Each structure stands twice: as C-alpha cells, then as structure tokens.
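Okay, so chain A shows up in both of these, paired with chain B first and chain C after.
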Partner chain A sequence: MLLNKKLAAFGAMAVVSALALSGCAASTEDANAPVTLTLATVNNGQMKDMETLKGEFEKANPGITVNFQVMEEGDLRSAVTADVANAAGQYDIVTIGAYEVPQWGANGWLADLTPALTEDKAYDVEDILPPVRTALSVDGKQYAVPFYGESSILMYNKEILDKAGITVPNNPTWQQIADIAKKVNTADRSGICMRGKPGWGDLFAPLTTVVQTFGGTWYDMNWDAKVNSPEFTQAVTFYKNLLDTAGEKDPVSYSFNECLTALKNAKTAMWVDASVAASMLEADDSPVKGKMGYAHAPVVKTKESGWLWSWNLAIPANTQHKDAATKFIKWATSKEYHQLVGKTLGWTLVPPGARTSTYSIPEYKEAAAAFAPITLEVMSAVNPAQPGVNPQPWVGIQYVAIPEFQDVGNQVAQLVADALAGRKTIKEALDEGQKIAQVAGDAHKK
Partner chain B sequence: MKKAKASLITTFTWVLVFLFFFPVGWMFLNSFKSENDASSIVPKLFFNIDTSGFQRLMDRGMISYLEHSLASSVTSTLLVIALAVPAAYALSIRPIKNVQDALSFFISTRFMPAAASILPLYMIFKTLHVLDNVGALTLVYAAMNLPIAVWMMRSFFSEVPLEIVEAAQIDGANFRTELTRVVLPIVLPGIAAVALICFIFSWNEYFLATLLTSNNAKTTPPFLASFVDGRGLFLSVLSAASTVAALPVIIAGWIAQKQLVRGLAMGAVK
Partner chain C sequence: MTTTTPAVASIGKVAKKNVWLSRSLILPALTFGIVMTQIPFLVTIYFSLLNWNLLKPGEIGFAWFKNYISVFTTGDLVPSIIATVGITASAVILSLLFGLLFAILLDRNFRGQALARTLVITPFLIMPAAASLIWKYSMFDTSIGIINWVTTSLGLPSIAWSTDLPLATVIIVLTWQFTPFFMLILLAGLQSQSREVIEAASVDGAGALRTFQWMTLPHLRQYIEISVLLGSIMLLQVFDPVAIMTKGTGGTKTLAYLLYERAFIGLDVGQAAAYGVVTVVLTLIVATIALKTLFKVFMAGGNR
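After this line comes the complex of A and B, so read on.
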C-alpha cells in the first residue's frame, strides 16, 4: 500500500515537473511587446544570405527580431504542412514552393497578401516576373512573394563542343541535342547528364517538361490520367534512349548535385537543369568558370520547354504577427534588398528569377553576364497555365498542383527509374503508373 | 595449419573492422575538406585542411541544438530509469498477478509506428500549448523508451538470485533496503546498459523532433539534416556536423563500454 502511494506520488511529481518545464499556460499577446518572428526555411544560398542580412531589417524595425529555422526540404514540407494545416502557429513566415502556394491559398491556410503588396507603390508588385506571379495566385489573390525563381536551361561545356566542331543553337530541339550528345560521348565522359533519381522533384522535374514538349501531359481537362498515352510513352522512350546512348552510367543515382559535379569536373558535356546552376558553374572556385555556354531548354512541339520554380515567402493565415511578418517579407523581396545583397555580398549573389528590374541593374548585368540574359528570357517566356500542347486543369509546369501529386509522382518516378535501369519495360512502368495516376485524378473529377 | 587459420581469422576481423570503421573515418576526413574536395568525383585522400565547415556550424548556433538534445536525452533517460526500476522489480522479484499480460501491454505500446501516432500527438501538444518545448519532448522520449527499458530491465532483474533477496528479508531488510542495498548493486551494469541505449535512442531521434519542435526545442538530428541542400554542395559541412553530433554518444559509449558489454550479456542466458 505504502509502495503504491509512493509510486503514485512519484508519478504525479514527474507529470507536474514536466508540465512546469513545459510552461503550458497559453501565451497572451501584448501589442506593444517586442515581436519575435519565426521563419521556417530551406537550406539554400539565397536564404543563407537573407539570414546574414536580416540585421539590417531588425535595425530599421526596432522591436522586431527574426529567427530563421533552417530545415531539409522534405522536413520543411512535413513540418510546415503540419503547422499550417492545423493552425498550430509555430511559424510566422513559411518558405514554400510554387507547388504548394496555390493549393494552400485555395484552402485558406495562407494570408492574402494582395492588398499589402498593391497598396505599397514603392514595393512595385508588377515588377515580379509575370509567370511567377501567375503561379503564386489563385483567383486574382496573391498568397506568396518569390525570393528566388528559376527555369531550366541547357548548359554545355564550350571547350568540349568547340573541339568537336559543334555549335549549339540558342533554341535547340531535343533531336539536335541527342545527336550532339552521341557525338561527344566518350568512355570517361558522358555526352549529357540528366536526372534519373526517383522522386517527383528529381527525375520528374526534367522528364515532365520533356513529356510536355512531346505533346504529352499527366492529366487531360477531365482529370483522366494520360501516363500511358503515346506522347508520354514516346517522351520516356526518348529520355531512356538518350541516357542509354549518351548519358551518365547509372542514371538512377543522379540528380541536381551529381550532374553539377559531373559538369564541373568535365565528366559530362551537357546538362539540362535548373538555371540557378549557372551561377554555381560561374562561381570563382568553379573549374569551368568562363568555359560554359547556355541555351534554352530543348523542345519538340512547344516553343519553350523550361520549367518554372520559385521558393516563396508566405504568411500562415493564423499568425499573431501578421503586420510584422508582412513588413519582413516585403523587405526580403524588395528592390532595395537586391541592391543590399549586391553591395554587401556580391552582385552574382542577388536572388535571380524574382524581379524583372534585377536584370536592369548594371552591376548585376555585368557580374552575371554569362547567364542572366538567358534566365530572364526563359523565365519570361514559359507559360505555367499551359506548358504543353494541350490545355491542363492546373497551373504549374513540372508538377501537377494537387496534393496527391507528391505521392503519385514519387511512385511513377520509381517505376520509370526501374525502366531506366532495365528492370522493367517502359510499357509496364507506364501502364502501372497510369493506374496510380488515375486514382488521384478521380478524386478531382467534378 | 592452426596458425594459418588463426591469421586468416585475424585478417578477416581486420577487414570487417575496416569496413565498419571506414564510413565513420571518411566522414571525419570529409569534415576537414573544402566542399569541392569533399564531393570530388575521384575521392581525395590528400587535401588542404579546411575547417570552414566547423565554423559554419558555430555560426548557425549548433551549441543550442546540442543543449536541447542533451537536456531531452539525459532527463528522459533518468525518468525512464526511475520508472523502469520499480516496474521491473514488480515484474520479476516480487511478481504481480498476470506478469505476462503486463509485459504484453508494455510492448504493445510500441506496435504502432511513430508515423501513425504523430497526428494525435501533434494535436495534444497543440491543445496543451507545448509544441516546441523541451520538457514535453522529454516526456515523449521517456514514454517512447519506457516499454523497451522495462523489458530489458526485467530480464536483468530476473538474474538476481531470489535466495539473496529472501536472506535480506529474513535479516529484516525493508523494501527500500532490499532494493537499494541488495538488488540495485547486482543489476547496476544492466541499468547502465539500459540507460545508454535510452540515451542513444533519444539523442538520435529525428521524426518527432522535426515535427514537434521549431524554435526553442529543436534537437541536433533535424539540425544535421538542415545542411542538406538540393541545389548545392554540402558534404563537408554535413560531415562536420555529424562528427560533432556523434561525439557525445561515442564518449558515453566509451565510458560505459565495460558496463555495457556485461549488462547486455547478463540477460542472455536466462
């Protein structure tokens, strides 16, 4: 009996101490109290620079402190989705991709930024690249602001191609690129490097753009899946043949970083991937600096085949610090911020693909002369509302803007990777993928 | 012949040791390379030492993440030991009724994968306003490790010869004396082993820490992962972070090595 009482007392003590440790009383808001904003973000160069410069914002806005919580991309998606969907309020500002913004905006999870952005003439919201604004808006309401944007372009090692006497056109076709890749392919250097790592954001980012320019799509206007359609099949077959004949060995282990390393080390001659890679290839410590050439992503039936991606800052609808958070995201995506980055950290580090005016800054034009013009050209030309030959019921290029797509894309990418590795035929992979995609499509039929 | 066999076994052992140690050793080497050297296609064994990776850890405030990890791991381990000792005692030395049912109940709480319990846990944390709180995370870690600790500890307690306990009782030892003076000294190596395992489980826990913490309670594992960059090189800085994060566990394991081996072997022949 005594033992029971003692154990009960101990248990109670443990719970009470834990609750005391946890400070479980709800916090109350004081309008005049200093505000600490918590920003959830990814680990990329632009965000690291923003963290370095946030002191300037805090100096200009006494009483507001910004804490950066950097996370791995997958962790960020899980943590921020859980937080925003449950209105848990852990984060005042969230970094989300162009894929999430329209879905979360439509769900009412994000604050509508339109009034705050349009009323402030100095912010000049019209200066944001139009395709990016389109991708971040639902029914005319803008739910996020881009701090960095990218398309996909063709990057090639001029030295290698010059030696082979090859000139790459500014708007190449996929057939031209396949022919060039075969010509410059050697035993210790691939003609081209393309992503093959399974994942909706890995393999299927470039492959979806190839599918679209071949005339294929994931879904038609009725949300019927088109994964085993002749155009989709033709595109995947072309991709596999390209990798088999002139691509890297073991493509299923290659994504952005692996191809970047290969191109830097002259282990591949060409690469079609994110335009942001150009700034890394032209960095001071890059062995291929000044030796690279850039062109539009190759096409077949469409005029452009570049993708469109942006990392954006958004404010969860339930945040208690909406005004302070709005101030910060406007500062971090303003023209003045771009000037600050250029003057403080270097002009090549100015966030690309967000504002048109960035490409008129003389210092930036000079520092990023090798890749800035093509980035602006491609980013202004792509059409996220209809990237392929036929209309589609969502806005977005290398992804389908439905919640199920992460799962569908990952599963189908695994099947296609199996086909790339020779473990399945393309037909088997796409027939199976069709079934998976159709289940998700059925959920969106009206 | 015998000699040849022995040297073959020795060589095989060294090969195995090398295979196990190589990834850790390579991680250590990478932590002192520049990013370009660390991700070079031809692996570099000789390189210019570059400690900028460690500098970046400090700039990103790794100390506070280590503090959160240490607080949650040490406190949860102490809590687990404090609860598992009496539980194991009641399941072996002075067995309660239906010991098997109790044991099954304990372990059944681990049947559900963490991913299945995260949503209700998240909602409870949110309702109690304890998201992003080291104390609350500590409680979860304790709850997570308790069933395994009870099972392991019960096995160690079963090793204690009942005759010694009875002799102590005949000599007039009360419950407290019996536990602290007789039983605990015998099972101390087992307790050390359980404590070390609970500490390692909590220290390395990733999934719950990612979702239940944000600013004030984020632990080291999600911090490590935050260096993974889909658009740039990160191997050197990640290796530096992993080296630092592995140190406390290696040190704890090294200190407890003797106790750990003895403790793990204790319940093995029962």
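After this line comes the complex of A and C, so read on.
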C-alpha cells in the first residue's frame, strides 16, 4: 500500500507536473471562506462559451471563483485520468466523456450526484434526456451531468439527390443507402463519406454502430470477444464494399473534419456521423446551408442505429469543495444556462442533446429548425443499455465501457484499415482482432 | 617518486587548486545534466518493472520483467524497428540526393540567389506537425488536394495516399522536410572547395561530369557523411507524419509512434517505460557505431 501511495504521488507529479505548476488552492471547506474551483475541460466551442459566461455564476455566488483549464481532448484525457485515478486532487470539476463516466463511477472515483440532483426540484433532473442519463449512471447512481450530447444521423445534400430523382426515407436501411450512394457516385464526387481513419473514436465510432445493427457485437454477456463472428465480419465487409464502390477515395485520411469539409464542398452526397455536424452545415458560413436533408442513421436488424455521446461535468470523489462544485455544475447544465447562452451568444449555440426542454424553447426551435427535431427524436430513441440485437454486459453504444477498449479499438481499427487498403483480407484482420479483444475480455470475466 | 622538492610540491598544490576550481565551475552544468537526463532514465527503468496501468490504480505493483517479456512477445517491436529503419534510410537517401542536386544548383551566381536559397530552406523551418498537415490537406487530399487535381486533369485516377501508399506518404513528407538540411551542409562543402582545383581540372581538359566525379565528390565525402549521420539521428525520431497521416498503418508504425500508443492510448505506464528502455538500448548500440564513424570523419581528414 505504501508503494501505491508513493507511486500515486509520483505519477501525478510526473504526468501532470506542467499543470501542477499553475497551482490551485486546496483548503478545508468553510461556508464563508472564498472558494476557488479548478475545472478541467476540453477546447470545444461550447466549453469556451461556458468560460465566457462563468462571470454570471460568480456574480450570483459571491465567494466562488471558477478557474478554467482548457485542453486538447487527448491531453485532457491523460491529465484528468492521471489526476483522478491517483486521487491527486488537482481538479474540483472535470469534463469527461460518456465512455469514462460509468467506469470511473464504478471505480468510486466520482462523487455520486443523485441526491443533490433529485432533491433540487428547480433543477428538474427528469428533464435530462433519458438515454443520456442511463449512460451516465451505474446501478441507479448518477455520476455526471451532461453538458451537451449527440447522436449520429444521416446527412445528405438535397440538391444532388433531387437532381438524381431520389428521395431519402426518414428511417432508411443500409441497403437503401448503399444503393443511393452507388447511383450518385461520380468521378469527382463520392456517393457517401464514412470515417476510415484508424482509431477507436474515429473509424470505430460509426463502424461499431454498423456492426450492432448487423447483429454483431464486441463482446457477449460472458465477455467473450465476438470480433470474428459472422455478423461482425458481414458488417465490416459491407462497410468496405460501401467505401470501395461509393465512398471517399482515401478512407484512412478521413474522419469527422475531412468528411465535413467534403460535404460542405459538395464533394460527397451523404454522410452518417455526429448530429453536432448539422449545426456546422447550417452555420452562416456554410456553402450548403439550407440545402441539407437529415434522417435517422441507417439500420439493418435494429430499429435505431444512432450512437450516443455526451461531454459531461463530474466531481472527483476527493475534492475539498464538493458543495461549491455541485452548485457550479448544476448552474452550467440548468435550463437558465441555456436561456443565458441563447440570449447573450445566440440561439444556435445552445448546448444540444442534454435537456428535453431545450427543444421546446421557441427561439431555439426556430434557429435550429433544420436539425433540432431529428436530433431530439434520435437521442430519445437510442438504447445505450442494449444498442444491438443481443444483450451486452456494458452500457454504451459506439464503444465498450472498459478501460482496455481505447487500446483494443485502436489496434483492431489499424487491422481493419489494412483490410480496407487490401493489404489483408477481412478475415485475417478480424481473426487477429479477435485475439486482441479476447485478452481484454478475459480481464473482465467473473 | 621518492623525493619531492618544495617547488614541485607548490606547483602541485596550485594545480590541485585549479582542478578543484574548474571542477566546481563545471559542477552546476554537470548536476543539471544529470538531473535532466540520468534521473528520468533511472525512473523509467524503475517504472518499466512495474505493473502500472493508469486506469487500474488498484493493481499497481512490481511486475519485474513481465513488461519486457510482453515487449518481445507481442510481436510489435520487430515490425516497428523495420518500419523505423526503412523510413529513416529511404528518407535519408532521397534527401541526400535531392539535397546534393539543390546544393549544386545553388552553388553558382545568379540573380535572386539569396531568395532562391531562402525558399529552398523554408521546409526545414516549418514545424513537423504543420508540414504534415499541409501535405495531408493541400497536397494528398483526394477531394481538395493539388496532386489529385493534377492527376484528374491529366485523366488519371486519383491516388489514395494514406490508404494505399502509407510508406511512400510518410517518406515523401520527410524528404521534403529534410532535403534543405542536407542541402545546407553540402552547399557549405561545395563553397569550401578551392576554385583553382576546378580550374586546373578544366585546363587539363576534364569535362564537367568528370570534374564532379573525381574532384568534387571526393571533396564532399566528409560533408556527406556528417549530413547522413545527423540526418539519421533526427529522422529516427519521426512521429508527426505518422500520427497525422497514416496512424501507424501499412508498415509505418515507427518506434516513436509505438511508444506513444502504449503510453497514451494503452495508458500502460509500465509497458511504455519498458519500450522506452528497449528503444534507448537500441539507440545506444546504433549511436556507438555511428559515433565511431563520426570520429573517423573528423580525425582521418583528407588522407583517406
């Protein structure tokens, strides 16, 4: 145990030494003493808006100051993981993804927010989108509040499809989409754009949803890997054929940003990806503004195939300022905050996919008319507890909520990229992937 | 050493004093050097013996050589060494050839020489990550890249660089970046060559090619050796184009990228440290051989 403690201290020093230099006041809690909260967050637009508006919170709560430490997603993940896992106590509030919340909650690293949220009637915890709440809870205890959330939807260029005389159904199947993609595919414009960049959060975000709707899964209920099962193989084969016949030409280079650029420049006709992209396609500087159509993510055997992601605020279990931190995260995810963002920064910037009531704000409905209804529809319909055909031993859609998954997903994604390039057959790639996944699965067998 | 005269003794004292003075002057730098390089390395060795995954804080403990065994048995190390050596060697050879070509072109007086030289050097001054991004979007991209525009204008199919030709992708970017470095060293070599020798050769009736082969190339030899050595040391650490463009697929997973993956995606501190130690040992072996060559270059001079 002594070794553990020493290591914990040393690890925190080594890994987050740069952050430690900036320092933070950690004193015992006293109701009247001024409190400084340190918040680690990711450098996304919505988070920076929160930093802009934090003055309103500080005005309403004299004595509490909130310091933002804004980082790249990768840096945030390693800094926060090292800090929280070692109980170093650097942060009072952390921004973490839906992938981490259930794992960290189960590890006892995060404060249980259930009582604080349910007791406060004005906060209205029931208003949080039910699937998102499910994804952030373990055994009925909620460990984080969603700041914003997203699902995946089909986005298509209406102009191109109208010219070809094609109408896209609201709930398409993958076969329909593959046929349409082939029809509108030309030499200088791909029929569809799908992520191919190797990475658990790149290629495997959409590909896992395809696997699930084909009836496959990463692991069965016994934590036995199913990577080379017929359904998984069928899904990867479909994905490769789709890319080969109608996809972008250099899939390994393509992920979210590249596909977004292609769709904006009419270099592709369709795209299945994060719903948050819709607000960028409808932004004032977008050349395809008003020309886009949106539909549910395509399916095969399941009813829905959208994924579920949220960036959340959580409180490390060992913080000294739990009450002040709870106050802040409630404020930042409240209905009033959404009104504040809308009124001061603009209605399209309201954090989406967190609260049901956001979608009934008249100003927001008008500003986000093109994509708000479908986002709400999909986000309320997906089921993170069982996204595929068969039950799974974790909660989460486009990822497996175990610590090994980043690594497993990355390695298998690299193998699939080899298969996409034709350096390996799909069978070879998935057989190798099966071995990698099984090692991780064995660690979770009871 | 039976007797010592007083004079000698006092000289010895002075010398001893001087030794201590010079030693104490060097001490701060030495301490700094040890603290910054040796202690982290010792800590890395210590970490490499631990079972320590950041995501499993409850399972920290001594693993002894388990991490080293996994380094050698998972089968990632050998392909990674091959990738590193292959990429480094190809990029060094190509950069050397292009660097020599540009050095010869720039080693003559013409209008705008200074401007041309600055332009040729620019790629070396760009940050590696920025260079990779420029190539990824402006050159290689299959919908907005320049190369794609040229090939499709000529009626040729577009090339899926990162997917189908990952090795070539990485090597092209590195060659573009490092050609100026080789050129600078070789240009210095060319400009240090005596004009009289060239003139004498031309009076003797040697053509440009023969002059180059028998006069210039032997003169450039040590410059070539030094540039290859320094270039290889820099290129061995290649990371950016791999991380930005190919993600380690298709035989481009260099040691640097593999280490990054183990540490920041696997979050396995113990295993990453073991990879680090193995990499250092391998580098030491290569560097010892390489440094010997370097000393030969400095010592043997022209009489080889």
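Everything that follows uses one rule, which is that the second predicted complex is superposed on the first by the 414 of 446 C-alpha atoms of A that agree within 3 Å, B and C clash if a C-alpha of one lies under 4 Å from a C-alpha of the other, contacts with A are read in each partner's own complex, and residues count from 1 in each chain.
One rule holds in what follows: contacts are C-beta pairs under 8 Å (C-beta built on N, C-alpha and C of every residue); 3 or more make two chains touch, one makes a residue touch a chain.
All values derive from a computational prediction rather than experimental measurement.
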item: First, second, both or neither for A:F328, with chain B first and chain C second; value: neither
item: Touching partner for A:A262 - first (chain B), second (chain C), both, neither; value: both
item: Touched partner set for A:M280, first chain B, second chain C, both or neither; value: first
item: Touched partner set for A:S253, first chain B, second chain C, both or neither; value: second
item: Which of chain B and chain C A:W218 touches, first, second, both or neither; value: neither
item: First, second, both or neither for A:D407, with chain B first and chain C second; value: second
item: First (chain B), second (chain C), both or neither touched by A:W174; value: neither
item: Touching partner for A:W309 - first (chain B), second (chain C), both, neither; value: neither
item: First (chain B), second (chain C), both or neither touched by A:Y239; value: neither
item: Chain B/chain C common contact set on chain A; value: 3, 7, 11, 14, 78, 82, 86, 261-262, 265, 267
item: Interface residues, chain B side, partner chain A - complex; value: 36, 39-41, 60, 79, 82-83, 86, 122-123, 126, 128-136, 138-139, 175, 210-211, 214-215, 218, 222, 225-234
item: List of chain C residues in touch with chain A within their complex; value: 43, 50, 52-57, 60-62, 136, 140-144, 152, 158-164, 166, 245-250, 253, 261, 264-269
item: Chain A to chain C touching residues, read off their complex; value: 3-4, 7-8, 11, 14-15, 74, 78, 81-82, 85-86, 103, 107, 187-188, 190, 196-199, 248-253, 258, 261-262, 265, 267-268, 403, 406-407, 410, 414, 417-418, 420-423
item: Residues of chain A touching chain B in the complex; value: 2-3, 7, 10-11, 14, 18-27, 38, 40, 42-45, 67, 69-73, 75, 78-79, 82-83, 86, 88, 90-91, 201, 255-257, 260-262, 264-265, 267, 274, 276-277, 280, 285
